[in-house]
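Should a chain be cited, it is by its letter among A, B and C, assigned in written order, with residues numbered from 1 in that chain.
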Amino acid sequence: MGVTCVSQIPVAEGKSVQQTVEMLTRKLELLGAEKQGTFCVDCETYHTATTTMGNPAQPGKLMYVMHSSEYPLSCFALFENGPCLITDTNFDVLMMKLKGFFQNAKANKIESRGTRYQFCDFLVKIGTVTMGPSARGISVEVEYCPCVVANDCWNLMMEFMQSFMGSHTPGIPSVFGSKHDSVYSPADTMIQYMELLNKIRKQQQVSSTGMR
Amino acid sequence: MADVMNVGVNLEAFSQAINAIQALRSSVTRVFDCLKDGMKNKRTLESREKAFIAEFQDNLHSVNRDLNELERLSHLVGKPSENHPLHNSGLLSLDPVQDKTPLYSQLLQAYKWSNKAASQQMVEEDVGTMGRRRRFRPEREVWRPEEPEPKSPAEGMDMAEMDTMIQLQYHAGLASGLLNQQSLKRSANQMGVSAKRRPKAQPTTLVLPPQYVDDVISRIDRMFPEMTIHLSRPNGSSAMLLVTLGKVLKVIVVMRSLFIDRTIVKGYNENIYTEDGKLDIWSKSNYQVFQKVTDHATTALLHYQLPQMPDVVVRSFMTWLRSYIRLFQAPCQRCGKFLQDGLPPTWRDFRTLEAFHDTCRQ
Amino acid sequence: MEAPPVTVMPVTGGTINMMEYLLQGSVLDQSLESLLHRLRGLCDNMEPEAFVDHEMMFLLKGQQASPFVLKARRSIDKAGIPWHLRYLGQPEMGDKNRHALVRNCVDIATSDNLTEFLLEMGFRMDHEFVAKGHIFRKGIMKVVVCKIFRILIPGNTDNIEPLSLSYLVELSMVAPAGQDTVSDEMRSFAEQLKPLVHLEKIDPKRLT
């Protein structure tokens, strides 16, 4: 897995989510990127049932269970500001057995679905973030595959992102700060997605919704 | 034993021996035919058995006789001559498929050429040191594999090409020594000494003990902290180096004694082993940036050359390679940008080690 | 660099329940060699694998009377192998005729930070031990012969002492629910190991 940056692009003024996505993909295709299939990232929320651990004062923790089509046989379980566990898909079966202790907030399930583009050694995934039936925003994931040390190639990635995202180019992701020189792992990408999807969930609904 | 007299005797006995082999073969066939046919039809069981056993015994006796005859003749034929004037290379001339694999004729040609080159060099030494410098360009023939290269065990070179290469290298060495000489030598003694002392048949820089190669590599390994070199010899005597540069890239270097033959550059997270767990020295990188760096590394191999001091060559190549530690961090010195067609600056200048895009270099 | 073959959302956790069938027994140290010898002959033609594993038991106490139990297992001698998380349900109290202990089982492979994650989820470690032994295979049946070691200092797997003078022998199989014929296969295999070791169904409830 190469170094990845996940960010959000705001919906263009007066346009719908789908039209903004089309504008972006057209810019990418002008650059010379090739379409290469689709992707999907989804996130489910579990919260601890009350009075576990025998301590009623402790607030319930939120656990996120995510899946990504790039790693179809894996499941990512993480806590905000906590560890991220990479497991195989049987983890979902385990969560079903843990129904008495962790409740699935089904209404909070959020996912991002879209197309993958490849440009030279870059992999760009532009996805529409949906929660239930409504589209809530646009996620952009840019991966530079050959490099595995996060802080090495940030400038390079920023230059690439500026060429098609323009002024919406994000700043350096917070997970890069704690990486120093260690090798980048898929868990870091999922942490970025979790932060982004949480942010989108808390935002106001987009004015022109319902279009997918 | 290779006189004319014995050759005549040998040939006689040889043809008789061949006849004896044919006789032996037919008698053995008769034995098995007799067994296959089984017992012949006779009045009583006893007489049938007796006839069968008698026939079987007759056949075995004839086999025995033929075998003894063959042994006697084989002693007469004798061994082939021990003083082979051509040693092992003469055995190549016995190849029955001469037109498909003309190794022996190519070998003879290469030998003749090298002799001519050596004698020409002798003439140059006699003449050239009197201030007249004869221009001679040592052309190093680079063997490039055609894509895709099959997984040949002996690096794809046949013997004749190998010999030609060795002679060329030797020649190049001598010529470079010649070019580096001071041209103002007037003393005849110098010339006379070198004319008398015949140069050795093999250049010394090629017949290096593997221990020496190991020592050189381990010294270079210690030179740079961010570069680690691991040496292995999975395919015979040529060394294979796995150079890991920080967390940026991995380079597989295939060597022939202390000369670098070819290199492949791959990403840090790419798989460098085949399914059997051996080092994969053929497959290219999956990433365009490292495919470009591989091409540049091959160019660097052509640039850094010094036939007399191959360890200096290896050292300079490694120094040049080390400049790639900042492959993703350094912008291009010419245009100032990081990306050109999606590639970072992959070219490193051979003298200054500055980073340039492939399209930005002078 | 191409898209993975699955382009739609991956199926989240099949509803196929896997059941574990188990028979257990033990042999004294002296009889170990003859048992290994017989197993080498009976089982599939491959060298028996030796293993050294560190297993930890985690409990999550909740409102229910019985806590939720999870077992986390990691390899000490082999590097690069994922951790193994296992959930075992209550034994099915079905037929008395059923020859093996049957429990619902969920096996999950995880990354190295499993302990940290379970603690974050609210689990607490109940106990841990080290198991050293051999594993044999016959078809989908697995025979594990191992010695259990007690860990003297928590977290330190070098300081261990054996729990008893015998080896634990477990014959197990994981199969989808509803296939009861497998327990007959297990019983016939167990017959072949008599009289070296008697493998039988041991009800965990009867142990204290």
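Everything that follows uses one rule, which is that contacts are C-beta pairs under 8 Å (C-beta built on N, C-alpha and C of every residue); 3 or more make two chains touch, one makes a residue touch a chain.
Since the structure is predicted, the reported quantities are computational estimates derived from the model, not experimental observations.
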How many steps does it take, at the fewest, to get from chain A to chain C if each step moves to a chain that touches the one before? 1
By number of C-beta pairs in contact, which two chains lead? A-C
Using CA atom averages as chain centres, what separation in Å is found between chain A and chain C? 36
Where the CA atoms of chain A average out and where those of chain B average out, how many Å apart are those spots? 54
When centres are defined as mean Cα positions, the distance from chain B to chain C in whole Å is 54
Could you check chain B for residues that touch two or more other chains and list them? 286
What are the residue numbers in chain C that touch two or more other chains? 1
In chain A, which residues are in touch with two or more of the other chains? 145
Write out the stretch or stretches of chain A touching chain B in their complex. 1-2, 32, 119-122, 144-149, 152-153, 155-156, 159-160, 163, 181, 183
Footprint of chain A on chain B - complex, ascending: 247-248, 267-269, 286-290, 328-329, 331, 337-339, 341-344
For the complex, which residues does chain C have touching chain A? 1-14, 60-64, 68, 85, 87, 89, 106-111, 113-114, 116-117, 120-122
Residues on chain A engaged by chain C in the complex (per definition of touch): 36-40, 42, 48-49, 51-54, 61, 63, 67, 69-73, 77, 79, 82-98, 100-102, 111, 116, 118, 123, 145, 187
